[in-house]
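Shared between the two complexes below is chain A, which has chain B as its partner in the first and chain C in the second.
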Partner chain A sequence: MLRYVLRRLVLLVPVLVGITALSFSILHLAPGDPVYVLLGQEYTEEAAAQLRRELGLDRPVLVQYVLWLGRAVRGELGRDLITGEKVSAQLAARLPTTLLLAVTSMAVALALGLPTGIASAWRRGGLVDHVSRVVAMVGVSVPVFWLGMLLIVLFSLKLQWLPPGGSLRDHGPVALVLPSVTLGLTFAALIARITRTALLDVLGLDYVRTARAKGLAEAAVLYRHALRNALIPIVTVLGLQVGNLLSGAVLTETIFSLPGLGRLIVDSVLRRDYPLLQGCVLVTSLTFVLVNLAVDVLYAYLDPRIVYA
Partner chain B sequence: MSVEVASRTHLPVRTAVRDLRWTRALFGQPTSLLGLVLLVFVVTAAVAAPLLTPYAQEAVDVEARLQPPSARHWMGTDQFGRDILTRVLYGARVSLVVGLLATALATAAGAALGAVAAFYGGAADEFLMRLMDVLLAFPYIVLAIAVAAVLGPSLPNLILAIAVIRVPQFARVTRGAVLSVKQMAYVEAARAAGASPARVLWRHVLPNCLNPVVVLATLSAGTAINAEAALSFLGLGIQPPASSWGTMLADGRRFLLDAPWIATFPGLAISLTVLGCNLVGDALRDALDPTTARR
Partner chain C sequence: MKTGSRTAAAWATTGLVVLLAAVGAAGPAQPRRGGTLVIGQNAAPRSLISIIDPGKPGITILNQTEEGLLGYNEKGEIVPVLAEAMPETPDRLTYVFRLRRGVRFHDGDEVTAEHVKYTFERLLDPKYRATFGQVYRDNIERIDVVDRYTVRFTMKQPWPQFLAFAAGNHPKVVNPKVAERPDFGTRVWSGTGPFKIQEWVQGDRVVIVRNDNYWQRGVPYLDRVVYRTIPEDSTRVANLLRGQIHVDQDPSFKDVAQLQRDSRFQVLSAPSNNTLLITFDTCNPPFDRRETRRAVSKALDRAEIARVIFRGLADPAGDLFPPHHWAHDRNIVERYDPEGARALLQQAGYGPQRPLEFTLVVDNIFPFTDAAVLIQAQLARVGIRMQILPMEYTARTAMMRRPKSEWPGRAALSRITPLRSTAFEFSVYQYGAKGALNYSGYNQPGCFQNPQVERLLNLANSYSDFVRRERDIARPIWRGISRQILEDAPQVRIVFWHNVDVLRKEVMGYPLMEGDVNLLMRTWLAR
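Up next is the complex of A and B:
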């Protein structure tokens, strides 16, 4: 197992180099010039040329990339073009918020989705099943950013229970409540649907009938025998949702003015801030591949038949 | 079921039995019927928008700023006094055009890639599918942002960006379907009769892979509509002065306290349209996809 994890970690290096090289070239092919944004009113040909030289933007893309990569390995991601702040410092300031948001919203999603899915599958065709399927269907259809606005109107503006937005530093943990619920509800609908399907598949199998036949309590059959095997497809789908989770985080952070990584990505694109965006891409893809690795390791834990050599 | 099995072996292309399954899937259940009604509603709104409202889409009326829903303005007015109902009706056009074209593009490209990968196999298969894995895994918003950033924000580029992020799903589903159909006896028969590989793929394999692709396309239309709204909401999609449900939501966000109706109606419109696509897609999947049919 350890050897497998180590090998996967080594394999991450070419993947990360590939992703960053790709994003680097895409950005430099894109129309729109950061120098133009930076100079604004004071734009002249000479000033632009000089600024390009200072920022190293006049050199070939490949040279720029290799230089960036060399510094990135040492943890230096440069300074952003607009404010001149260190990119690494900005990422360090923003990443915890987004990671926290991801964890809390997944917790909300699992807390709501798993029990609903289990109840649905257990009493298939019953009242819980019908209601939860309708709610889940609506849940996957409502856009996350609109859901966020509805919750703001209800809980912040009408009831005034929670702040309508703002950073963790200003409001403390309360700032995360509405964003986590917003993002979590969307995924809860998905988890309920998958859990129901996966459990129904397993409940029809012979070993479940055997477990019942030998007189086990229904709860033991459900949790110890059926759910354990149904977890594998659930984990697979959750692993695939990491990308969607980040997309959702971009929107949720925008709605709730939560300064996280997602919002930083959008802002850096809109401002054509190459070093900043490049840093965001690096952190995003690193998180992404690490989560996938964790999912694969989790498989082996959930299903002893899976052995990584 | 025995009728269906028999007809499948004798008539591989389209049969009366299969067509019956389609109609039953669409009209047989209350949920799918509701989905169809929702979609008909949206299409009517998009097509007949100028007939349904006396106002022009961008008609500014400073006197009537931020008015709540009334007899004159059923859904109220926005910060420029524009009629929300009118803008919601016209917004259906953008959503439908983006949803349909992006899905069509993604279906065509994804099906072609998946079919080629499965039919020819080997290194092409391995390369294409790993590429699809990477695309599938990447945050769709970041991917769409990248495409929009490279090409610049405009309606065709928006459609292209959304299509690109949907291609991997279609490639995967088509690949799976082609892999199983490829094994069928009638495909071997066609090959033995001397049909060229391209003809075998086009005439014998692809028509029998349609079901899962159609199901995915229906569900994808909803996702595409959602993605358009999300990107426009972030300021990366439809650019002012043009507008869509997504940009209307971005406007409404600034007036949640004083004029909540600005955000309410476009949000409702997006939700109901996507719900319609999902309901119809789910019903089709239950009816056409043999692996979920028993649930």
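Up next is the complex of A and C:
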């Protein structure tokens, strides 16, 4: 197992190089560069050329990328082109909020999605199954920004229970309730559907019938025997959803004015702040890849038959 | 020649419309000290260094914490701030400023002529990357320290707009002891204003606190002001409704209509220089012809755009200048004239069988997208088929810097906001052959030519905005330029939309004025 994890960690390197190279290229292909932003109304071809030289933007994209990569390997992510602040400092300030949002959203999704999926599978074709199917369809279809606004109107303006956005510093952990529910609900619907399907597959297998035949309580059959085996596809989906959670954070953070990584990404794209955006891409892709590595490791725990060579 | 009182008087007579919060009369007579005012802004500052374009959110903040030799008062007049009076101008090339004595930076150092020289040299020296440095480099020959409290500016040529630039947002006097630190603008700041920046949590907030040693005694009243970044319009309104913020700066116009009916809030609106306009590519068909451009102009129902998109908080544009500007001429208007538009289209060879078709590139945010849809409908009434191509701001500005043959559309809908309100900014930037914002190509090689306008622009801009006698001479010249540009239509100016802030009732003495200056030193909270 240790060797497997180490090998996967080594494989992270080409993955991250590929991702950052791709994002670097895409950003440079987009019209406009930081020079337009920095020069504003005083833009002239001469001034732009001089500034591009100073910033190293006149070099071929490949050279720029290799230079950035070399610095990144040494832990230097550069400075924000507009404010001059260190990119690493900005990432350190923003990342915790986004990670907290991702974790709490996932908690909401699991807390709602798993029981609903289990109940649907257990009482297949019953009222719970039908209702949860409709709710799940709605949950998957509803846009995050619309749901967020709806929750603000209901819980903040009508009931006045929760703040209509703001940072952890303003409201403490309460600040995360509405954003987490907003982001978590859409994933809860997905998890409910996956859980139902996975559980139904398992519940039809012989060993479950055997468990029932030997007189085990239904709860024991469900939780101890069926659910554990149904968890593999659920955990796989959870791992993949981390990417969606991080991208969903962009909208959620905007709606709830949370100063997280999502908004930093949007701002850096709009300003064509290459070093800042590269730093954001590096951190988010690293998070995604590490979470999926953790998921793979979890497989072995969930199903001891899985052995990594 | 002493220009002080004359300049101030000239500004006072411009009719610059300023709406002040008239809430003091309704509230307690005596301002209450203390408290924290929370302001919601729709975007974070781009920077918190005055010479590196801070954007409107940043400018609003820096105006509370930094001061220049001159500044604008709440009536929009240029007044001395760190200078003890308006400058002496022994000739058209020289300005001599005498400084107030005893004014101290937030770090305790006294402001001297050396600091002023250093501040302006930051604008002149390219190494500081001042966003608007070029205009200072083009005009300022040198800066001399005459004595500890006297500084002299020598111009390369007469620069009638110098006072407006000196009062503007860039040359805020800073102390090199702080400004040369690598964390200047992110962790430490310099200034002499009534507030000082305590912290900037990027993407979240800027906190400014009272400067207890401010040189004007008795102000400010507030202990702190927190500027929170809340990008989503609806969330900002929700925060206002819940009392999480006291002020919504730049609310969306649809929200304003709702909030106007709510007695808990005051809606302040002031005419501004925000101009919505269409820029044509005058170098290539179909807009290389005056008839097609003017047809679009005549087909626009500006009053409808002002009413529907801006809920009446905008003025239809006719001449180059908004209604509050000294050079505005209310007799120059572009009437909604669909018949005239059809006739011009026919002259240009377009009609039902061969409709004029073009793509309008549009910034992908309000009000541009909404306005574009209405414009599309209005143009359809005269048979013009317009496609809308929404584009993100940086991409759109980059596109407009590219050769016009590479534009994905032959026209673009955008805005300009001349911050200092000088006639120069309303004219030369957009219509001068070398104007920094001349995207239409007007009077540039290979594009639509009208050399007479270029000559008149040079002539009109040799007169000062700040001397009444010179204004009187320049006014008829501006009238002629406005008429000619309306006819040539390299750009179609549509409306001037108002600055709008919504406040909770307990906010007193809150000034809202043209431009982005918004001084909170006399603002207070009733509870």
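Annotations
By definition in this document, the second predicted complex is superposed on the first by the 309 of 309 C-alpha atoms of A that agree within 3 Å, B and C clash if a C-alpha of one lies under 4 Å from a C-alpha of the other, contacts with A are read in each partner's own complex, and residues count from 1 in each chain.
Note that in this section a contact is a pair of C-beta atoms (placed from the backbone, for glycine too) under 8 Å apart; a residue touches a chain by one contact, two chains touch by 3 or more.
Just so it is clear, the model here is predicted, and its values are computed rather than measured.
Three-chain overlay on chain A, with chain B and chain C in a clash.
In the superposition on chain A, contact of A:57 is made with neither chain B nor chain C. Shared-chain residue A:157: touches chain B and chain C both. When the shared chain is aligned, chain B comes close enough to touch A:265, but chain C does not. Applying the stated contact rule after C-alpha superposition, one finds that A:149 touches each of chain B and chain C.
Looking at the shared chain after the overlay, A:44 reaches chain C, while chain B stays out of its contact range.
Of the two partner chains placed by the overlay, only chain B lies in contact with A:292; chain C stays clear of it.
Of the two partner chains, chain B is the only one that A:247 touches; chain C does not reach it. In the overlay built on the shared chain, the residue A:255 is in contact with chain B and with chain C. One listed stretch of chain B collides with chain C once both complexes sit on chain A; from 23-31, 59-67, 131-139 or 185-193, that stretch is 59-67. Residue overlap on chain A between its contacts with chain B in one complex and with chain C in the other: 30-32, 149, 152-153, 157, 164, 254-255, 270. The part of chain C that touches chain A in the complex is made up of residues 44, 46-49, 52-53, 126, 129, 131-135, 182-183, 185-186, 201-205, 228-232, 234-235, 238-239, 241-242, 244, 392-395, 397-399, 401, 429, 436-437. Within the complex, the chain B residues that touch chain A are 31, 136-142, 145-146, 149-150, 152, 222, 226, 229-230, 233-236, 249, 252-253, 256-257, 260, 263, 267, 270-272, 274-275, 278-279, 282, 292, 295. Those residues of chain A lying in contact with chain C across their complex are 30-33, 36-44, 47, 50-51, 82-85, 90, 93-94, 149, 152-153, 156-157, 160, 163-167, 169-170, 254-257, 259-260, 263-264, 267, 270-272. Residues 23, 26-27, 29-32, 137-138, 140-146, 149-150, 152-153, 157, 164, 197, 200, 240, 242-244, 246-247, 250-251, 254-255, 265-266, 269-270, 281, 284, 288, 292 of chain A are the ones that touch chain B when the two sit in their complex.
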